[in-house]
Structure formats: structure tokens, C-alpha cells
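I'd like to ask you about the structure that follows.
As written, the chain order gives the labels A, B, C, D and E, with residue 1 at the start of each chain.
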Amino acid sequence: MSQPVVQVEEQGPHTSSQKKKSSKLGRWLQVYKQLKKNKMAVVGAWIIGFYFLVAILAPWIAPYDPLKIDLVNKLQGPSLDHWMGTDDKGRDVLSRLIYGSQLSLAVGSVSVLIGAFFGITLGLIAGYYGKWIDTVIMRFIDILLAFPGILLALAIISALGPSLINVMIAVGIFSVPTFARIVRGSMLGEKKKEYVDAIRALGASDFHIIVVHILPNIFSPIIVQGTLRLATAILTAAGLSFLGMGAQPPSPEWGAMLSDGRNFLWSAPHIATFPGLAIALIVLGLNLFGDGLRDALDPRSKK
Amino acid sequence: MFVFIIRRLMQMIPVVLGVILVVFLIMQMVPGDPAVLLAGESASKEQVAQLREQLGLNKPLLIQYVDYVKDVATGDLGTSVRSGRPVAEEIFTRLPVTVELAFWSILVTTVLGLIAGIISATKQYSISDVSIMVVALLGVSLPNFWLGLMLILAFAVNFQIFPVSGWGSFMHVVLPAITLGTAGAAIVARMTRSSMLEVISQDYIRTAKAKGVKETYIVYKHALKNALIPVITVVGLQFGALLGGTVLTETVFAINGLGRLIIDAIRMRDLPVVQGSILVVSIIFVIVNMFVDIAYRLLNKRVDLN
Amino acid sequence: MSNNQETILDVKDLKTYFYVDDEEVPAVDGVDFTINKGETLGIVGESGCGKSITSLSVMQLVPSPPGKIVGGEINFKGENLLSKTEGQMRKIRGNEISMIFQEPMTSLNPVYSVGEQIAEAIRIHQKKGRKEAFEQAVKMLELVGIPSPEKRAKQEPHQLSGGMRQRVVIAMALACNPELLIADEPTTALDVTIQAQILDLLKDLQREFNSAIMFITHDLGVVADTCDKVVVMYAGKVVEHTDVDSLFESPKHPYTKGLLKSIPRIDEDQDELEAIDGTVPSPTKRPTGCTFAPRCPFAQDICHQQLPELKDVDGSKARCWIYSDQWQGENPMEEKGEMAHAGN
Amino acid sequence: MPGTETKQPLLDVRNLKQYFDIKGGVLGRTVNHVKAVDGIDFQIYEGETVSIVGESGCGKSTTGRAILRLDNPTSGEIEFNGQDLASLSKRQMRDVRKDLQVIFQDPFASLNPRQTVGRIVEEGMSILNSVPKKDRKKRTVELLEQVGLNADVVNRYPHEFSGGQRQRIGIARALAINPKLIVCDEAVSALDVSVQAQVLNLLKKLQREYNLTFLFISHDLGVVRHISDRIIVMYLGKIVEVGDKKSVFENPQHPYTKALLSAIPEPTRRKQKERVVLKGDVPSPISPPSGCRFHTRCPLAQESCKTKEPELRQAEDGHMYACDVV
Amino acid sequence: GCASEPSSSASGESSDEGSDEKGEKGGELVLAVLSDATKLDPHQGTDIPSANVYHGKIYEGLVKQDKNMEVQPALATEWEQLDDTTWEFKLREGVKFHDGTEFKADAVKKTFERILDPETASPRKKLFEMITEIKVVDDYTVQLKTEYPFAPLLSNLAHYSGGIISPKAIEEYGQDLGQNPVGTGPFKFDSWTPGSEIKLTKNENYWGDQAKVDSVVFKVIPEDSTRIAMVETGQAHLANPVPVNQVDRVEQNQEMELNRSEGLGIDYLGFNLQKEPFDNKKVRQAINLAVDTDAILSGVYNNVGTEATAPMGPGVWGHNEELEGWGYDVEKAKKLLKEAGYEDGFKTSIWTNDNKARVDVAEVVQSQLKGVGIDVEIKVMEWGAYLDATAKGEHDMFVLGWSNMTGDADYNQYFLFHSEAKGTPGNRSFYSNERVDELIDKGREETDTEKRQEIYDEAQEIEMEDAPMIFLRNDEDLVAVGKDVKGFWMHPAGIYMLNDVTVK
């Protein structure tokens, strides 16, 4: 019997164990479709999009100069002139929030990038090489993880001094263990797959295998983690600012605004309320989106 | 199991040494000379030099580290620059407060989280599921310092049900514990839910159904115990977040615990106190995590016990 | 060969569909078969053809939301199970019909001792006390050939080997002496030497309990070894329903025949296997007409256009146009079938 | 079958051992080993197909992986084409790779889901630079057609294919660098019988065309009989019987081989042969039984089996078995 | 000397002062305060939170100042200046320390010897370093000899570092005296939970009028809003400080009232004269003109405190009444800048610690200086680092306050403007003017009050012209007082006066 040339017809799932893996474009298209079905994720995406838009358009949409002090008009409640009122120096809260979005998103993104870069690198190396390399790296990660909550970030800031840049570094370092663990875990699973052995059998270098073959395949959990971590980073940075360890005045960082506003909870609650809501909303958006993304990327969650 | 506990204890040692090292190194990066600080503003150069000698600041870093580890091992965390009292004393007068706060908060986290998670999972896609999950998401998203302020505004100022701040009675605990426990409760609820749902889709649940076991019985007997296993780890990790959160919560509620000690010490550049208290909190966390690990092993017998 | 002709299970035109991403997946799409008391019915077919879903449908354990039994009848001892309430079904499950699953590793609850898990079924259905049920569970373990059953009963699944776990699962299924036992690939995950043990055990137990067995497998060797009758499924449908002798001696459906020829044999040398071309169509994209037509060497126009009926052919049933009046030309099966015989 | 006596073997495995560490104890030190492969010898000659059969966990895959140097063997020599692979450095090993290839079991895990079929097949050529860049595309298409796939599949992704088709892609990848020896680790086990038959036919055809040598790992004796020239039966990390296909199947010597053969239910209505049902489970390779490893389950076991480890002994020409009783 | 939190002094008229018949005796008085004490040792204290716990409560000095800053007898019943450098004090008889020791001349001697002892390394030594001898004449007579005629001696003795310590306690506790204070005052030290609270109990054996409450608790509540809310909800009787932005909240509340009292301190924005361009007088003057201190007083300080027209406020003895502030004149400022060669402005920074009001000032000044083209960056540091940096002269501009505990010009002039006091002691603008140094030295020794006033008038005039700093406001102390509290007043030096306080 001669070998038939098999026409590749539209093939669906063939066995129940099959995981949905797809081509680059097709894959993201599928993820997008999946996401679109998740109403919560759509809401999250809208929120995130809105914030980014606001951050980009800040100079054009902010009604006032966020730093313009106007002591005569201080502590005004929301009005037509000042939709969110003014703060204790008469600055327009809305304008400050709008500009603050740039800071919060920048702090969040940069620190997540820092954390992701080092975390992914460490996780990949630990997971791929295993043995003592793994032990050394993971012990180091354990040490970082042994600092509860934002304490590590606080310790770092206490050494570097408070500033937004240092917050990025501190929160970045604080995020390293999370990424390292996720990546290592995925790596352990992925490196056992036969395609990795197949590539090794072809004589590919470790670097080639890790970067070209494995990394793209474990990217989903990294993306999901990145989104969720962004939320945490924004919260942590705000917390540090709240403690006076973050953004320096007069910068309209939300945590710092909140910290300022707490003195006026009684007389002018709007000053603390709006930045609080702004933080809660973006964090909510990121969480919603991250969750949706996780579901969309997770083949098991298909209902 | 015994071997495991011993091994886990031994594993703690390098982690604790590492934590000490990290704290030690970070504190080395702090600008300013500790001797100058400790000597006080009016001290002469000679006095400072003498103090440097006395504190061993002239020695190589590594020796300083080893000395510090030795001191820590004997319970000597140094002397507070600001108050002149031993750091250990400063810490241990505040520790009970933070431990109590942490206890109530973790209670809020666990109890609330578990109940919500179980309801949510068993009534998947129902109104209560959706609303619990929405609330849980909010809980994760609210900055806890803000939540604390809002709770004060609402329950202490407007309704005057609870005291604004301070410590001592049960009433004092309520608002801070809620503030601190909420985020964790939300996370535990989500984790419980997904873990429950995951377990419910397992083969052995199908086996139980094939035996004719009742649905509720399946949930509480077959699923819950398995579902709790990953939840325990999450609770352990939440405990860490919670300990870190005390810094903020204690500031908001003016509770004189370790968290505030740290923040104050950072503000005052009281480095021995910063160093010591971060160390103590970390060690507590490491110990708690060890217990969590052990509990996890006990529950999850599938994990290789070697 | 059944020694008892009373029908215990009669499945008629069973249809179980899944609804995924707004798509309808007809996993089981018109399945008919019967099982008599004390007899073993094998269900064979390639992966994804709907064997497991058929069995879960009988138990009414099809995962739902996505899945739903959309049509047909499942008559168990004359009563349609589809019209029973969940409470009534619970009384049947584990008691009158019980099930052995494929994966012995995952079908036991990891946090309870195996004795407890067996006893649970006994407690539920026989209303026995905890202690009594446990004792009976130990007896069951002994029955399935587990050495020192008292000790093992107190152990948890992770302390047992794969073969022992599968025995536990069998003990659990037999604990209430069911009239129908559904075994979904009970040996696929096991090594051949262990498989031989389990198959022997099942045969012994069947003799003892006189249960009817619905035995799902993809291994025709196992079918030959254990079954009295066979249902061959292809793409959600029964293509042949026959007794085991005629299956191997004169398969009626081209698919069955292809399957038999594809198997490399340990008892003879073959230079080349007669493989079936192509692949199984995906359940969402099944061809119109006979689902096997695209791979069938004999397919004619009608095969691509219309779905044939499941028809009586020489005491067997087959779903093929060859046995109808519309078929043009002679029956290609017979000729080839003879060649196959010649090869034997 | 080629004249095996005169020729130099392509692959000569001598006393290969592969132990995996088990960490434990208070300090997490190595407290024990999984003796996955515990001293095996065998040869493969050019152009033949040698199969390794045995139950799960007996060390089949481990042997294959050691030969491919995917794991570094604990000890022993693996002489391939006159070179001892076990002693080569990572870099030196790369030069040898072009002669050694592998096809894996799982059609879903063995292809990188993020690469196009074209990339997958081309990868080996580019890593080893065995084919000039400009010719790679052409060669890829050729190979795909060789294994029965259309040329237009190059831009598709693995998930768009069925299991059998994926296995063909894997075969094309292995062929791309013109290897001499291909290790097929359960290459058809995950496939449905109808598709398995297609792939088996394909492998046979390719062997004829390219004069390939196969080391075929499988637990399915039917498949093994169909494809191999010679057969190695393993039990708990040891070889218990080696010989050419016919003599092993028709005249098995070792009680384990006999039991294995008899345990397989045959798809026929002819009277099933008398079965030798083995008692108990396969012992753990961490602490394998002393003496003859099979003695715990062997129907013929004698007192001496518990202590004395049997040597491989000759039954007939090239047919050897390790049992002192039969 | 020490730059401290804006503190204050004043002759604050308290609401129901003296009307003790209204309140009931007994009970516990709870004060919500910002910071915990550091050391309850008059010789080690540089901070008002500590002083507020012991000064006038646990410890008393030989003399004290009343609400008008007049010197009054305390542990000394009378005194006499025997010559330019010798002072004789008659001590009160029948006074006992809390530990039972009798108060006699040796206690005075031991106390002052301790503060002067280099071993003690007292940061307050400067207040008494001119004392060369403490002579015990008899059990109840002491003579103090000074190196040179020193006019402000009595004021300094009234300072909180002048508290007389039990000689037995000095022996017994040594360096740990800060945790075990033993004095003669109306309250005894009871307990201290660091960071949380300090409790004092009434001294039943007090020589003077006994305190009306049984005990006093200082609760540390760092959160501003919380501190005030505690008074609002009755959990505390007094809260201090009240941040300026909460003035309205306190005033409008039924549950509490605001006690305002003029302080002796001053808030200022300093320049680092060692750095360009602040070494240029014109630049400093220009900035003085460009900053609208009125707007800051009303906008940032919420009109708490008064406009500063001189380096020290009217409450301080020696205040120059003739001086006027620089006023606000942007045009003139620009002109001066042009003359100085900074027509296009320059870049600089304002340093401050993380005190809300100071940060606010920095922000407002930043915004105002933008108007004359000066681009300012704000650096907020924690207190320790800030003090360190400003003492070393790393800063450009800086916001700070200077409290005046003695109410005398010297305390202000010497520490803020004398070139000897550069850096840590207090002159953080590194100002140096020979004439001013000369005048301050003269002022210390001049005993004739009129002449002394003239000396200080001239000094302040020069300082105003030299403009090493912008004087932002004269302090005012704010205390939130619960409605049940009667008899509270705030000493101008920023000390709570609790002796007459009653609570319901």
C-alpha cells in the first residue's frame, strides 16, 4: 500500500487529553474571543484602557495645572468648576488624579518589568538546570519571600531613600520571587515535554532551547501574573507613598494624595475618597482582566 | 513525618541567616554613619571614633555580619539609637499587640474567606456566587489603608460604634482586624472557590457520585478536605501579607505594634530597631510558614514524605 | 454466550451532545444496544468515538452544563432511567449499576482510607453501621485478591500500587452486588501482566456475582478474551453490534474489518499492515452520510449522501449500505473477508 | 536480516548503568538510587531494527535517553560509530547528533506548539547547519511529502493536526538531518490502531529507502513483532532475553518472556492459549530483589534464584537469556 | 540646642482657669499626643514630647516662669545676685523627692554637676556651661558662680533641663535615669509602655497645691485625625498638637474646643549661605520679597500663629517691635534678581522633613517662586536624615522651626545666628556676621535690660537686612480640649499645665 498524502482538513480536538494550543495570531485571536465572552474581563479591559487613555491624554484633558496652588480656593467640595473639588492647597483634585494616573501606571509597569525581568531569568535558570543551581536560586528566593508583605520594599526604601524611582526598584525586587516561582514551576513542567528533548537531540544550545522554545510556551502564566502583579505593584507603591516613603510632593501620586487627604477626612472627605477610588478601580480592573485572561488561557477552564 | 519536621527546621536556618544578611546589607546602604547617630549631635569627633571602635564598625563587613548573627542568636539585637533601650525590649513590648491583631485578622481572613468560598463554589453561577465573587474582587482591590480610613469615618466617627483607635478591648480590635483581614479573606474566598471547583471536577468525585453519594455529602466530605489543601498554603502566604499590612493598619489606627515601630524607626533613622524588628517579623513569618508546610503535609499525604 | 436471555439494559437511539462555545458536539449520536443478564458486552472503538460518554449517560453522570442527554431511552430492567429523578438515580447508582473507571490513580479520594471508601457505598445502600460496613469492605478487598486486607483497608490510596488500586476500585463497584457493572477501560492504564490478573479477576467475579458487564475498551484482544457480545462504535454511532465470534470471523462493517487488519499480531508475521486511510473526523465536523465513508475503501456515492440504518445482517447488526438494496455491485466485504480468512 | 556476525556494530552498548538519585533524610542528601538501568549490554547493526520491550518502568526509555545523551549515564560505554558517546563533551556530542535522532511517544507534547510545521522540520538543519540555508525550504517540503503530508502544511501549527499526522511531522523532523540511528520511544503507542498501522507502515518504508537503523522502544509485543529484526526483553533495569524476532516469539526461553507473551490477549476467536498469570506487582527499582530480579514473581523460582544473579546465556545462535533454571 | 518641632509658648488664657470649684477632683486625665517621649531625663532631653511629660510634672526647677514669662519661685523661694557672676538661692524647706529623699542643697549641686559632666554628654550643657561653681552654703542655700556675667541665667534655670533630680536616683540609675525619673513635682512616674503610653500618678506629698486628678496618661497617637477624634469621642481629654488644617473641625465641634496659645517659637525658611546663589544677599532678599508669607499664614497655617516681622516673636523678651517684614513684591524681587545676575532665575531645592505643614510650606513656596523664574524641587526626608543633612550643609533652602524654651532673646539669637552655632547647634543657614556675633556676645553679658534690648534691636535689624531666612510666622500652640476638661492651660514654652485640670 503506498503512503497516502493526507490532506489536512479542519481538524478539531481529537482526544480528550488534548490541550488547546494555537498559532501566534490564531492563538491570541482565540484568547481574545474567549476574553470577550467573559463580561468581567471586558469590564476590566475597559477600565485599564480608560486609565491608559487618561494617562496619555493627561495634558489635554486635565482641566487645570495639577501643581497650581490656589490657596484661596482650597478645600472646596466638588462643584462644576472642580468636579472632584480642590485639595488643601486649592489644587484641582481631578487634574491631579489625571496626572497621577501617569505616575501610578508608570510605577506599576516599571516595577513589574523589573520584577519580571529578574524573576523570569532566575526562574528559567533554576527550573531548567535544576540541581544545585536550582537550590541556590530558590533559597535566595525563599529569603526574599521570608519578608512579609511590603516589608522588603520598606527596608529597601529606608536604605535608598524615598522617591518614585526607588519605589520602582523596591517594588520590583519585591515582585521578583513571584515571577521566579511561577516561571520555575512552568519550566519544570515544560522541560519534561518531549519536544524539549527532541530539540536537545538536534543539538540545540541551552540558551536556544530556553529562550526560543520554552519561554514562549510558558508565557501565558507570566502574562497573567504580570497583570495581577501590576495591580499589587500599584497598591504597594500607593501604600509606600501613604507612609511617606514614596512619591515626593507635590507630585500627584495617588497614594501620596490619599495620605495628604486623610487629614481632611472630616472636613473634606473628597480629597481622600477620590484617589482611594482611583486606586481601587484600576486595581479592580487589572484583577478582573487578569482573572479573565487566566481563564481564557487555561485550557481546563473551558466550560 | 518527624524527619520532615526536622528537615524543615534545618531548612529554616539558612533562610533566617539569609534574611539577616539581606537586612544587614540593606542597612549598610543607608547613608549616614550609625556612630554619629548613636553618639548624638553634640558628640565630639573622638567620642564618635571611640563609639565606632566600640560598635565594631571598623571591622570588615563580614566580621560585622558574623558578630551581628552571634548577637542575634543570643537575643541581643542592639540598642535603640533614639530611646537608648535594648532593641529586643522595644520589640517585645510591642510584639503581643501585633500578634493579637494578626490573630484576629487571620481569623477574619480564614473564616470569612472559607465560608464565602464554599458558598460560592457550591452555588456556582448563582446570584450569591456572583455577588460574593464581586465583593471578593473588591476586597482584593481596595487599598487597605484607605479601607481603614473609611471604616473609621463610618463606624467610629459617624456611628460611633467602635473606638477610633487605640488598643486594649475587643472593640478596639474590630475595625483594624477587618481592615487587615479583608484582602486576605477575599483571596482565600477566591482560592477556596476555585480549589473546590477543581476538586469537584476530579475523577474521585465522579466515583463518589457513581456510588450514589448525595450531592451535599460529596461537597462536605469528599471535596472540602481535598480543596482545603491548597487553601492552607494561601492562608500561610496571606499571613505574610498581613504582617506587612500591619505597618499600614497600625499607622491608620494608631496601634502601638511592631508595624508602627518599624515605620517610626525608619522615620527616626533608628537603624538597630529597623533591622531588629524587620528581622523578628520575618522570622515569625518563616516559622508560621513552616507550620503551614507541616499542616499541608499532614493533610496532603500524597506529597512524598521521603 | 449468555446463559440467561433476560435483557437487563436496553439502550435505544441514545443521543448525548455537548454544547461548547455555541457549538453542538454530538459525542454520542444514536447508540443502540442491549445487554442481557450475566453477559459481558464489549464496546470498542477508537479514541473519542463516544464510549465513555455512552457509559456516563447510562449512569446519568454526564458532566453538565456542557453535556446533555438529548434523546433516546435507557431502559434498565424495563424502566427508563431517563425519567427517573436524581434521588431515584442515586439509589440505583452504586447499588444496581456501578462503575469502574479507567484511571485507578485518580478515581480514589486521596484523603480517605480505601476501606472507608468501599464501606461508604455499603453504608449508603445497605443501611449498615460504620463498623459493619467496614468489615464488609475488608471482605471485599479479600475477594479481589488483596493480601492482608485488614491492613490495606486502613491505608490511603497513595500507599497502594496501581494494580492494587484498580482492585480497590473493583471491590468498591462490586460492594453492593450490582446487576450491571460498567467498566470503562479498566485495564488500559495497567501493564499487560497486571492486566491479565485483573481480567482474570473480573471473569471470576462475574461468575460469582452473575452481574452483567458493559466492558469498554479499545483493545480487540481484550474483547476477544472477555466479552460475549460486542458493539463497535465509530464517531458517536454504533456501526456493528454482534457476538464476539462473528466479529472476528466475519466482520460485517468495513470499519470493523479495517480495524482487525490494522492490528499487528504477535502470533504471525505480517509484512505490511492493511491500515485504514485518513483519520477519525472531529465530532463537530462529521461528514454527512455514513461517517466512515471518507475513509472507507468501498464507499459509493450513496455512502457520502445518506446515513445507513443499523440493520440485521446474518444475526449481527451493521450500519452499512452494502447490506441494502441501494448498493451497486457485489458485496466487497465477502470477497475480502475470505481473503482475510485465508490469511489466518 | 543483515549478516550480523561479520560487521562492526553501529551501536555497541556495554555495561550501561543509569541511576537516579533520591534525596531524603534530614539534610536532603542522596539517600538512595533508582536503578533504572543496571548494567546492560547490546549491539545494533546498521540497517536493522532492534526493539526493547518490557513493562512500564523497566528502563526502556532510560536506555534510549542515555544513548541520545539526553541524560548522562552513570557508567558504561555507548560506542556509536566507533566513538564512545558517554565520554563526549556537550560540544563534541553536537557533532554526533546529526547521526542520532529520536521520535517520541506523545504526539501532543513532542512538537513545540508555537512553531510552524516548517520551522519544526527545518530546525535541525539550521542548528547543525547540515543543509545550506537556501535549500532548507525545498528539503522541508520534500521531507513532508515523504512522510505523507502535503507541502502546504509548512505554515500550519501542530494543533491543527491529528495525532497520526503529528507523529509524521515528528518523523520528518528526525529525518531532516539524515540520521543513521533513530530511537523510537513508544512512537506509536499513543495512536489508535488504525492510525498506528499507517505510521508503522511508513516507518518500514522509510527504513527501506534510507537504510535507517531503528532502536524501537515499545511495550506492545504485537507492534514489536511487526517491526523488529531483533528483540531485547527487559525486566527491572536488566536484560532478561535477547534474540531475533522469530526465536524470541516462537521459542521464548526466559519465564518472564513466556509470561509476557501469554498475558497478551489476542484479537481472535481461536482458543486463547494457556496463560501464565504472574503474581503480584513489579518490584521497585529502588531496592530490586536480590539474585534474579524476577524471582519474586517467577513461577519456576527456586531457592538459588534468590541469591545468584543469572548471566546471559546462549540458547541458539544470537539468542540469549538470563535464567539458570530453564 | 536643637531645632525642634514648631513648639510654642504663650500667655494663653485658658477658658476656665482657676475655677477649680467647678470641676470634681480625681479621675484620670488622658492626653493624646503626637510622639512618645524618648528619655525622661532633663539632661538628655532635646524634645518637647519628653519635656512635656517631666517638666513641671515630675521635675521642677529652682525657678519657673509664669504665663507671662515672669520668673517665679519654685524650689527656690528667693534669690539674689551677689555680684556680676554670683547668684544665691534660698531653697524651699520640707520638700521631698518621690523616692523619699529630702530636697536639700546637695541635690542642686549634684544635678548641675551632672549636666556639666562631660560623661553625661548632655545636649543641654550649653544652657549652663557658664556656671563654674555650685557652692553649698548650707542645707538650704546654694550659690551659683558664672564665668562671666550672664543675664539670662534665671530664664535658663527655668528651662526644662533645669529640673532638680533626686541625688539618690542619680546614684542609683546613672544612665538609666531616663527610664526612672525621680523629682519633686506634683506627679510621680508610674509606668511607660514605649511607643504607647506613659502614666503619671498624683504625688500625695507634694509641697504645693496638689494636682486635682489622680493620674495622667500620655497616649501616643501619631495619626492627626485619630488624635482629635479621640477627644471628639471622649477617649481622650486633650489632644496636641492639632494640625492647622483641623482647626475648623475642632472649633465647630460640640464635644471639644480649641485652646490656642501664642508660642515663643518661630517657623522659617532658611537659605544655605555657603552655597550659590544664596551667598548673594540680593538673591535672599529677592526671595523674601517673592514669597507671600501672608498667603502662607492664612493658606497653609490657617491663620494659626501671627505674622513674623522679626527674627523672634513678640512673646520673646528682646523682640524688636520696630521691624517690619519684607512684604510681598514680585516686581521688586525680579529687579533684585536681575541685579544679582539671575534674571532668568535658577534651579534649586527646598529641603524639609516629613511634617505636613512644612511640606505644605515648601509646596507653596515652590509654586510662588515659579513666578520669579526660580525652579524649585522639594526634598522630603525623615527627621534624622534631615537634621543630619542640614547640619552638614548639604541643603539649599530648608524649612524649619525654632522653639524658644526660655523666652529670652539669647536662646533665639545665639543658636540661630551666631557663627559659633553653625550646623548642629542651630545655625543651619551658616549665617555669619561679625557685628552680629559681637552683639550676641555682648547681649549675654549685659545685665542692664534697657541696654540689652538695644543690643538685640540692632542685631535683629542686621539679620533682617541680611535675610539669611524668611520668617514665616510666630508659633501658636493648639490643643483640642474635651468639653469636660476644666483648668487646662498651655505654658508659652509649649508645656501642658495640668495641675489645676479637672475632668468629669
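As a working rule, a residue touches a chain if its C-beta (ideal position, glycine included) is under 8 Å from a C-beta of that chain, and two chains touch if they have at least 3 such contacts.
All of these numbers come straight from a predicted model, not from anything done at the bench.
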| item | value |
| --- | --- |
| Topological distance between chain C and chain E, in contact steps | 2 |
| Longest centre-to-centre distance from chain C, chain (CA-based) | E |
| Pair joined by more contacting C-beta pairs (C-D or A-E) | C-D |
| Interchain centroid distance [CA atoms averaged], chain A/chain E, Å | 49 |
| CA centroid of chain B to CA centroid of chain D, Å | 52 |
| Separation of mean Cα positions, chain B and chain A [Å, integer] | 22 |
| Residue list for chain C, restricted to those that touch at least two other chains | 47, 272, 274-275, 277, 279-280 |
| Per-residue overlap in chain B, given as positions that touch at least 2 other chains | 31, 152, 157, 251-252, 266-267 |
| Numbers and ranges of chain A residues touching at least 2 other chains | 1, 4, 6, 11, 14-15, 161, 244, 262, 265-266 |
| Chain E to chain A touching residues, read off their complex | 223-225, 229, 243, 245-246, 248-249, 295, 298-300, 354, 356, 359-360, 362-364, 366-368, 378-382, 385 |
| Chain A contact footprint on chain B (complex, rising order) | 14-16, 18-19, 21-23, 26-31, 137-138, 140-146, 149-150, 152-153, 157, 239-245, 247-248, 251-252, 262-263, 266-267, 274, 278, 281-282, 284-286, 289 |
| Contact set on chain B toward chain C in their complex | 201-214, 222, 225-226, 299-302 |
| Complex interface listing, chain A residues touching chain E | 67-69, 71-72, 74, 88-90, 161-162, 244, 248-250, 260, 262-267 |
| Chain B partner contacts - residues on chain E that touch it in the complex | 2, 38-39, 46, 121-123, 125, 175, 178-179, 193-197, 219-223, 225-227, 229-230, 232-233, 235, 354, 382-385, 387-388, 391, 424-425 |
